[in-house]
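Pasting the structures here.
Each of the two complexes below includes subunit A, the first together with subunit B, the second together with subunit C.
Right after this comes the complex of A and B.
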């Protein structure tokens, strides 16, 4: 990168299903919160990237009426219609180009308005798969989970352990949506079956929520804060469509992670970052994410979860905030991961703070079976 | 800091109209492959892809997820959509991708396929943009009569209101709108990719068409087209190697304003003069400044204005500072805005003739690039095009994208 970029502010709303708040209200709360956190006002922001989806919001031009709420009027504004982490990538590009010095990314989804599972149907190939009517994000994930289980001899109990870890973690996160402090494997396996082997507690909840992140170039970041969180590396990639890719692996995530590690200069990644916040829409995905990120070799994700390596007290804590299983405001989820990673670096995570975090990883995804992935490496002062 | 120079090195578009012989993915692939061929790059040489359309017309969502392989997946994808300005925003996304230094060669694709949808398209069927807000404001006592008159007309309704605002502001008449529409249809006849092509169309021909919503006639309104357009961006060294005469991106800006009329609460507290277009004035000023253009009227050789309705060509050409406020119709009367005039506007026929909505603002950038590269064929303006400006418009009349292109890199 020709210019260093830092995260200088962030905020999120309390993620809930159908809270007594409007889309505009949530965006305002997050945007204002992030500016307050950075200690700046709207005037200091050069460009605003909105992250929302026309389908999710049930209206076309979903950013149109958010211009006021996010304070983007008479500012260079645009919208990314993918996971919020991609919005951060676009904001970075705008700063790196030299046209802008500060940027705000605001992501919002009200999952309660239009079920994200129903919408996933529309991301299917319309001439073939959609006509058959069998596939959606959950059934596609079930196919993937079954293939993964068979190939690597993974048990339902091992997959359930991911839900237990994340939902217990979520219990100490004040912003999380689904908190179950006394959860155990038996309860997960006893929850409602959707598509075998996927059960209710293996699926992320449908949340409403917003998140905002403020970015600044090196010079501006140093003016704004004493504790900037530097973006050290970023990489993204999108896989082929469902039927044309190898569902057993998250290849695009592997490529994205490799790029991010290279940019950040990480030689032995699993030892060099201290915490990871990943977007796991289904519990088996988290095991596959471990493998794609290079935390373990292929098919060994189950060992990490069994031995507690990714617990809060483990060697590489993953999702101490509860992850997407704890709260999933769809397009804002990746942005929340970035905010949570930044929190850990700044030591502001409260009850779920991991000690001595210097570098952190954040991951966002879009599409069926984690088709499009993006990885960020964040770091504190050198 | 040193800013990176970026150029368009290849353009591709489909023919526009009712394309029933291809599906959406084939249509996008056609434009994307044409652009890569024109740029003399293979898909392997493309580092990343930026894509966008205006969701909701064809009942398909995030097309690139299931159609991506046809034009490049697996690769990094970025989906950017902003309604009417989508194409301009995708074009900006492609520019920023390369300008950031993260990628060297980037493909940007924008498209729309209206005919797959039962909806009549953007010109009449866009009421749902504001529907949620309308119900909300009714709860607060706004009159249903006023809201319905505004909302049921959708893009045409808002634009009819805007046209009246502009006519009041500038003193032009409906005959000037007829002239713009006729000029667009004539220009489109020279553009093999355009949708509504009408050689030798006269303002009298347009004046014979029936009223849609005063002051707009049927002949004034854009069609709902199917089509895709794509451009390939490259950084300076590659651009010089790959293209004989690349079209350099000199400045971009996309300022947003509050939604006109339906501001915070639809109670008329926001902008009431829809022809004011402050966000366009600011966008143009910023883009010119980034491009190092001090006197646009002298330095800009032609413009592609986003004009689904004819008054917008006049109005926006003023807002991007090519004419004085309220005076563009005089330049129109003098023939300055014809293909062979001193300031050609929309030599491609513009949006009045072709509106595949997600792609339309990208087409403005693409057409300017063709003019700079000298590849516009029959609608190439006869003079040497050194600088050109591409404009995009959308939202509830509150979004603008401006792209300034030139024949030499920015220094």
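Right after this comes the complex of A and C.
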């Protein structure tokens, strides 16, 4: 990168289903919180990236009524209608252009307004795949989960262990939505079956929430804070539409991760970052994510979950915050992962703080069966 | 927090009629269902075969002409599947199905794309990845997507 960029502030709302708050209220809370955290006011922000969805918000140009709530009026503002982590990439590009020194990314989704699963149906090819009726994000993920299980001999119990880890982790995260401190594998396997083998507790919850992240160039970051979190590497990659894709692995995530590792100069990635916050919309996905990130070889994700490697106390903690299974305010979810990774680096994660975090990985995704993926490597040292 | 009063706002959820032009390849694909034919587009350069057909190869960007359309056998291999216990009602609710339904990911013979189709005449217990399946057409085919009712295990 031709300029260094750091995260200097972040905030998120308490994710819930249908909380007594408005979309504008949540955006304000997150944006104001992130500015307060950075110790600056809206005047210090050069450009704002809004992350929201017309379909999800039930209105066209979903950002236009949010301009005041996010402090962007009479400022440079633009929108990303994908995961919030892609919004951070866009904000970085704006800073890298040299035209801006500071940027704020604000993501919001109120899943309670309209089901994200119904919206997933509208992402299907209307002239063919929509006609089948039974295809949506969950059934597509179920087909993928079964293929993955069969190929690598993964059991429902091993997949359920991901839900147990993340939902128990979520219990100590004050911002998480679905917290089940006493969850066990049996309870996961006893939850309502949607599309075999996917059950209710294998699916991320429908959450309402917002998250904001403030970015700054090197000079500005050092003016703003003594504890900047540097963006050391970023990589993104898209795969083809469902019909022309190998569903057995997350190839686009593998490529995105390689790009991020290369930019960050990581030679042995799994030993060089101390915690990962990933977007796992379904529990089997987290196992596939381990493999795509290179934490283990293909098909060995089950070993990591079984041996506790990705537990909070394990060698590579994954989703100590509870991940997307703990709260999924759809477009804000990847942004939350970045904020959580930054928190770990700054030692601000409270009850779920991992000791001695120097570098962290954050992952966001968009699309059926994780079609688009983006990976960030963050670090506390320059 | 007390239960909030709900005021209905007009225009929500959005009711909009969309008219898509499917393009000449897709039009032929759908119309040929009347003759119980499944057409695919074979890229003249790299050979990747798309079903439904496309006008340009997404892998190597070569233009695919109508003469590159090939007729498939209607048989294929089941590469993945799920049993559905719920169905979206179009308003965002998952309704329980009286009887579970199956959806298969199918690779048709001589094609590279995966199509996602209902499975019928089959017990979920007997379904396995790798089994051969074939299209079941409705009695009177009209050149519509609905002409293929489902896929069943090939005899």
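Please note the rule applied: the second predicted complex is superposed on the first by the 381 of 382 C-alpha atoms of A that agree within 3 Å, B and C clash if a C-alpha of one lies under 4 Å from a C-alpha of the other, contacts with A are read in each partner's own complex, and residues count from 1 in each chain.
One rule holds for everything that comes next: a residue touches a chain if its C-beta (ideal position, glycine included) is under 8 Å from a C-beta of that chain, and two chains touch if they have at least 3 such contacts.
Remember, it's a predicted structure, so these values are computed and weren't measured experimentally.
Using the touch definition from the top, say if A:371 reaches subunit B (first), subunit C (second), both or neither.
In the superposed model, A:371 contacts subunit B only, not subunit C.
Go through the superposed model and pick first if A:142 touches only subunit B, second if only subunit C, both, or neither.
The answer is second: A:142 touches subunit C but not subunit B.
Looking at A:127 after the superposition, I want to know if it touches subunit B, subunit C, both of them or none. Which is it: first, second, both, neither?
both
Counting only touches as set out at the top, which of subunit B and subunit C does A:64 meet: first, second, both, neither?
Touch status of A:64: first partner only.
Which chain, subunit B or subunit C, ends up touching more residues of subunit A in the combined arrangement?
B
Would you check which partner chain A:196 touches, where first means subunit B only, second means subunit C only, and both and neither mean what they say?
After superposing on A, A:196 lies in contact with subunit C but is clear of subunit B.
Looking at A:244, would you say it contacts subunit B, subunit C, both, or neither? Reply first, second, both or neither.
both
For A:99 in the superposed arrangement: first (subunit B), second (subunit C), both or neither?
first
Once the structures are superposed on A, label A:89 by its partner contacts, choosing first (subunit B), second (subunit C), both or neither.
In the superposition, A:89 touches subunit B alone.
In the superposed arrangement, which partner chain does A:114 touch: subunit B (first), subunit C (second), both, or neither?
second
What residues on subunit A does subunit C touch that subunit B touches too?
Overlap of subunit B and subunit C footprints on subunit A: residues 58, 126-127, 129, 240, 242, 244-245.
Under the definition above, what is the set of subunit A residues touching subunit B in their complex?
Residue list for subunit A touching subunit B: 1-3, 22, 48, 53-55, 58-61, 63-65, 67-68, 72-82, 86, 89-90, 92-94, 96-99, 119, 122-127, 129, 234-242, 244-245, 251-252, 255-256, 366-368, 371-372.
Residues of subunit C touching subunit A in their complex?
Contact set of subunit C toward subunit A: 1, 4, 12-14, 18, 20, 22, 26, 30, 50, 52, 58-59, 79-88, 90-94, 100-101, 103, 105, 112-118, 124, 129, 145-146.
Which subunit A residues qualify as touching subunit C in the complex?
20, 58, 114-115, 117-118, 121, 126-129, 131-136, 139-140, 142-144, 146-147, 150, 193-198, 240, 242-245, 247
Which residues of subunit B touch subunit A in the complex?
Subunit B reaches subunit A through residues 1-4, 23-24, 52, 54-56, 58-62, 64-69, 73-84, 89, 92-93, 95-97, 99-102, 126, 128-133, 136, 252-259, 262-264, 278-279, 282, 286, 290, 394-396, 398-399.
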